[in-house]
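Going by the order they are written in, the chains are A, B, C, D and E; count residues from 1 in each one.
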Amino acid sequence: MQILQVKKELVLTSRLEGLGHLPIKALVSQTGEVLVAMDPVGTKLGDWVFTIANSAARDAAGDKRLLTDLTVGGIIDDWQPEQK
Amino acid sequence: MQILQVKKELVLTSRLEGLGHLPIKALVSQTGEVLVAMDPVGTKLGDWVFTIANSAARDAAGDKRLLTDLTVGGIIDDWQPEQK
Amino acid sequence: MQILQVKKELVLTSRLEGLGHLPIKALVSQTGEVLVAMDPVGTKLGDWVFTIANSAARDAAGDKRLLTDLTVGGIIDDWQPEQK
Amino acid sequence: MQILQVKKELVLTSRLEGLGHLPIKALVSQTGEVLVAMDPVGTKLGDWVFTIANSAARDAAGDKRLLTDLTVGGIIDDWQPEQK
Amino acid sequence: MQILQVKKELVLTSRLEGLGHLPIKALVSQTGEVLVAMDPVGTKLGDWVFTIANSAARDAAGDKRLLTDLTVGGIIDDWQPEQK
């Protein structure tokens, strides 16, 4: 699982039906990498969260038919990103 | 899930039968990494898309027997790649 | 599997129910990468551990319904991180 | 899926039985990373190919009991590696 | 699959039961990355091996209940690491 910060909600066109109705958000790691996750938790921009990948991501999204490989699992209280 | 830009459609020889009939496209990340994905969405060159990996990629392609580990899930409206 | 050092226990709000009741810990690799894992072993801060990823992580956590992609598998005796 | 170039066929000793009888080849990415894949396609040294990872790799190899996490899916016509 | 060199056998405390009785070894890549794998092949320190990841790793270890995401698949004869 990874620690990422919520950056923006994505607006999608031509999306697959199997994505369901959860918001899909762009998240950024402490090293600047951008990833995309389903958000069943209801995060706000700027929240530090941890994400669950691969097969567990589908169950985490609430329905194993959902088309996701990354889902927000929870919001981390009081996370201090490292100084580089 | 990752954010990638559509670069070109691949022309393949000697391909496996289980790849089916969807177009297979080369995509590039913001850091320059090149990946290959099935495209059930019908993207155009230059579109910014997000991709779904691993077991969900097969369902995303429309048939879990398809041989893919990466499938386009949707086109992102108005994505602004980061300045580096 | 990877070798990581236990850094801190995470305090989570708004977490998914399927995470169960094991502690969730931030771990750091020798190169400084931060990852998050479930800990069924009972590690202490500073322990060097190895982690199990993806589908085996769920079984390692003791119940394959648990929402994890990374679980601590054991504590390594006498690990000497490399000099860089 | 990734784009890689065929580098050499591996000669193996003490290999597991579940690897079957397909050739196992070392492939190199455009950034110099070396990976190993099963080859059901019959590639030649120097061919640019794309590879399929994880669970789909086993089906791609022709039998889901085969012990592989990476399998060649097809040969790419006329691939021009990027100038760096 | 990846090419790695056997570095040392790990001594573990507080390990999970589901790890079984195979040796668990630290391996190092040509770029210096350290990974951990189960070894059903019986490798010696310094051997160049290839490893099988994720779901196939569990079958490669001989029992799909084993808690592993990386297993040694075979020893490579006469591997010449690249000059950098």
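Assume contacts are C-beta pairs under 8 Å (C-beta built on N, C-alpha and C of every residue); 3 or more make two chains touch, one makes a residue touch a chain.
All figures in this text were calculated on a predicted structure; none of them were measured in a lab.
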(message) In terms of touching chains, how many steps apart are subunit A and subunit E, taking the shortest path?
(response) 2
(message) Quick check: how many Å separate the C-alpha centres of subunit C and subunit D?
(response) 31
(request) State, to the nearest whole Å, the distance from the C-alpha centre of subunit A to the C-alpha centre of subunit B. (result) 19
(request) Could you tell me which residues belong to subunit D and also touch two or more other chains? (result) 54-55, 57
(request) Can you trace the ring for me, subunit A first, then subunit B, and on through the rest? (result) A, B, D, E, C
(request) Would you tell me which residues of subunit B are touching subunit D in their complex? (result) 10-16, 18-19, 24, 26, 32, 34-37, 54-55, 57-58, 65-70
(request) Could you pull out which subunit C residues touch subunit E in their complex? (result) 1-3, 30, 40-43, 50, 52-57, 59-60, 73-79, 82
